[in-house]
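In what comes next, subunit A is part of two complexes: it sits with subunit B in the first one and with subunit C in the second one.
And then the complex of A and B:
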């Protein structure tokens, strides 16, 4: 049995025995080198109440090379790609140390959710949203937690969920319904309006910097 | 009389049981320290001295002999004291133990009142050996025999600055000899301690005795096998920056491993490669370093310190220390002297590269460091001038096909004779012409320059045709 397997087995066992940290590691398939970790969203943050799943791939030269992790659960956070779940965290790159474990790394991810670093973003749009209006950002993050991470208020019936698809998308993009309606009223498709407004960071104080002409110009681009 | 003997017997038997009890207790607490000589009723107690914290120890020659300067060192242990003790039959009820001898390993202990200090500790009827051992083991006896001096921090003691208030001062005729012995002893005690202590390696998450571990300079302990795997991998992959303590804090602070640490972990060949990688990295950081152009040498050649501030052509000279090849740092060819320009216009390439960089950018500064700022601005000016010249030469001159000298025609016909090499050529197309009949190039129908002995710029000299007129004459 090689050192990597021995260590991973120990780590999985250690996580199973530790009931206090709330960090869970499970096998995805037969391989002990492709795992799924999960942890609850930290309290007092927009992620509270959600359960966040992380895809874990253990490289050949683990623990001397960092473990590869990305979110399976969609997360609205400046250091997590809203599209792919890729994570921007120093210990997953050059600050990795062979002393770090799967558990300690997952705990670091958990604390990353507590303390976003918008100056070193993985998702520039989300980071812009965060710096423009923290309250609006938090609303959206709470919403994503509800929709994707099973956060509080997520237990809606199927019909009401499908009925409010349109509203969901506006909230999901962290935009104001009134703004979206105004441009939809000009005859543009809602999906496109959401896309453009999100890209332009049409939120909070920033809307004063974006003239309507600019928005329309963007909307007219194919 | 009888009663008195009975009384003595009573005391003796009580003493004997007290002594046996004391011995058992000591043996269970300090199994390694104590041994009993049953027939002679003598005990050997060997007590190692473990100071609470590492303490400053100075060893001074009392005679103040300048040939033997005082030594100062920091120690956590001192060599053991061997007590040879006889227990009288009426110890501990009536008399203290009888100290036959006190011997200090390496004779480091001055012959000062330890014996009386020990005796003073005994009080009538009380077993005292445990207290003696503790007094010696903790080093507290040094206080009693005035070897420890309480000195104000920062004071000077025999020219040695004192940095801790508890200062151990040992008189010895040969301070440097004793210092070496004490240091060795302290080191081997630490080593022994380390080898026997179990450590948990936080990389493989297993426990090992210190013998299988290594304590790095920063104090972190890992098992040797994990360190070997980690550093070996980094060295193989050329990732020399990661060869350091694997502890997350040390990683974040970028602590690199010390050579001693690397040397005792990795294989000889990896150590050689590690040294080579580090040297290479250090040299690559220095923009002044150029690799020797000799293909089988490639030794990095730093800028000679004398070249600093000098802006003459000599700054281009580099001499490889390994193969002694002297070359020009610009064109990397054999040294061609400080005045001659590089045989191939190699400068143009890097001047272009340099001009493409933004002023003030770090890459540009690197260039300026390597080639010299004044030198570069001179080269840039020269390059720009050269470009203008070239443009003008291309537009207004024709190179002689014989000697390549550029010839400008100010007036006249297109048959040229080079002033330098006497070559006859056509100014229009650069073809060499036969000196005996140069005009056939212009007069034979079907030739490229037929009828073009004279040609003028468009609009130039319109209507003025001296040639035709000349011919008519």
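And then the complex of A and C:
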């Protein structure tokens, strides 16, 4: 039997038998080389209570080349792209070793959620948010966990979700409602205000470094 | 250079025809005539290097390996370590011997760890967990620096090995059925008797996994430093281990045999490439499939590249696999040798960009590839409809424009709507407004700059095109040469002058092409005028020679034609020498001034202040 197939089958079976790690690997379609992994958000982090799904593609030369992984679930994290779910983690690139398994890699992802590396960011805007104001970043991360990963309080927010879509967007971008309202009051569209403020990292102490003129100037750009 | 070529080819003719041996009266006279003919091509027989040529030496892969081995042996002798250790250390330090010696003398253990020869002390807890019996000796041995090159199958793990032995590189499959049956942690293969291998860290994996791992590293990643497969283990496999792992895999699975040979040579090539890449005096021949290296110490520094154009040749000819067989056949049928592997030692852009130095040649190519000039043209020659923004070129007619697309009527001069012009047909009352004048100034400026660029570009492109057609010219000339042999009493050797002439034209066109790139950037002044005089002399001579080559052949004019072509060839050759030599000397004297800042030269703007 093909060594790659044997190995992948064994890894999937091992993961099924292991009830303690809470890591799950499922098939997406018939192919054993395209999988979906999932793990719970680590405790004591903004991701606690969420369930995070990961898209796994096993390359031809696995396990001698690293697996390709990206988050299916949206995650607010400096090392994960908030748009595509791409992950910045050394063992998925040059630090890969053939003895690493799907399970151990997923565990590494889990611990990546515990310890972000803002100095080597995948998503620069999120990383800026993290370094500027950790508490504000965590609020947003919790919010994303609720919305996308089915975190605690998800039901509550779902009920009111449709009623206050606007509020959602502000919180999603990790911004302060008062700030957004102020610029919307000047006659700018809310979506644009959120976009500009997020780009400028209009958060925490950083606000004092950004004069209103600068914001308005950005807002006026087509 | 060229004169030597002719001399060489002289000898070739004699060899091929064996004329020296079969001397009868007629033959003797033919020879003396031939000698004369060929002498015509000689300008000087002095072996002196011309100033536009550069000293370089071609090294085969084996020769480079010798250089590597010398360095390795040197280090072995100083440190008293085995060859493979020295090799890993040198590779880690990018072959910087002085730095390595300094650092190694300072902290030998740290150096060995960094190079992946030995595992750092506190690490490798895994073997102690799984193979408790062997672990004690393993860790002790690895901390005692480069003593052991690699571990073998479990059976040999406890055998004592003297510190400087390099014999440890033999691979022995473990005796069948060890104490516990072995399951490879990578492929989960639990077949008994599968040979396993491990580095000194004793991380055991089956030989098939090693083989797959090494081939994936060598082939997909072009990586010569093969780390242990265990996570976080920083040991690097010594060369001997890599080779025997591949060979052992081939023994286990004989179908891999062919593959193994390829991998082994790939590994060797990667090692050589790293060595060459780390040495500024060496460069790998860029032709596909070629494994030669050129050594050119005089072009090793960046600043030297502003003084010389290091056109070198690795000595090999022909292009490995990239040339289709039909192309090769075509060339062979023309009696042409495959092209020499000529390349620039200083830059990757083009094989021979003499007389222009790398930086200027690079700038010129960038400018040509940029579509900035297209944009410039659009800016110069078109305007946008002020209603629908379509780009419009006015190619004649009056200023009353009607947009084809949106039917908007406007004035070409002021771009305002035509209706406002009322009855003032054909005379726009806003014509002399300041904005309008400025706009026209800007437009004419941009037009002038475009014209200047196009002047140089067209000539550049023309010579490039001609060079591409040289193969056609060769085949045409070949036909003519045959024709001449039939219609006149000339022998095959005697009609060779045609081929020489074509080769010379080809060579000069390449020079001419790059002189246009040079002239585009040269600052105005006497120097540039002299340069352009030389250029025009060469160009004129080349065109005259080309014309002679194209002219129809009639039996009665062949002797005069031959004389003319031969004379012209020599003249063209001289003119080419003059251009190359003068330009090269100019670079050495720092005579050339540019009209735009060029990397490595003084900024023309600052010069004036």
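Everything that follows uses one rule, which is that the second predicted complex is superposed on the first by the 218 of 222 C-alpha atoms of A that agree within 3 Å, B and C clash if a C-alpha of one lies under 4 Å from a C-alpha of the other, contacts with A are read in each partner's own complex, and residues count from 1 in each chain.
In the analysis below, contacts are C-beta pairs under 8 Å (C-beta built on N, C-alpha and C of every residue); 3 or more make two chains touch, one makes a residue touch a chain.
What you see is a predicted model, and the numbers here were worked out from it, not measured in a lab.
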I'd like to know which partner A:220 touches here: subunit B for first, subunit C for second, both or neither.
neither
Regarding the shared-chain residue A:99, is it in contact with subunit B (first), subunit C (second), both, or neither?
both
Taking the superposition on A as described, I'd like to know which of subunit B and subunit C A:114 touches: first, second, both or neither.
neither
Could you tell me if A:27 is touching subunit B, subunit C, both of them or neither one (first, second, both, neither)?
neither
Report for A:6: first if it touches subunit B alone, second if subunit C alone, otherwise both or neither.
both
Both subunit B and subunit C touch subunit A; at which residues?
3, 6-7, 10, 61, 63-64, 91, 97-100
Parts of subunit B lying in touch with subunit A, wherever the complex brings them together:
202-205, 225-226, 229-230, 233-234, 246-248, 250-252
Would you mind writing out the residues of subunit C in touch with subunit A in their complex?
185-189, 203, 205, 208-209, 212-213, 216-217, 220, 227, 229-233
Given the complex with subunit C, which residues does subunit A contribute to the contact?
3, 6-7, 10, 61, 63-65, 91, 97-100
What part of subunit A is in contact with subunit B in the complex they form?
3, 6-7, 10-11, 14, 61, 63-64, 91, 95-100
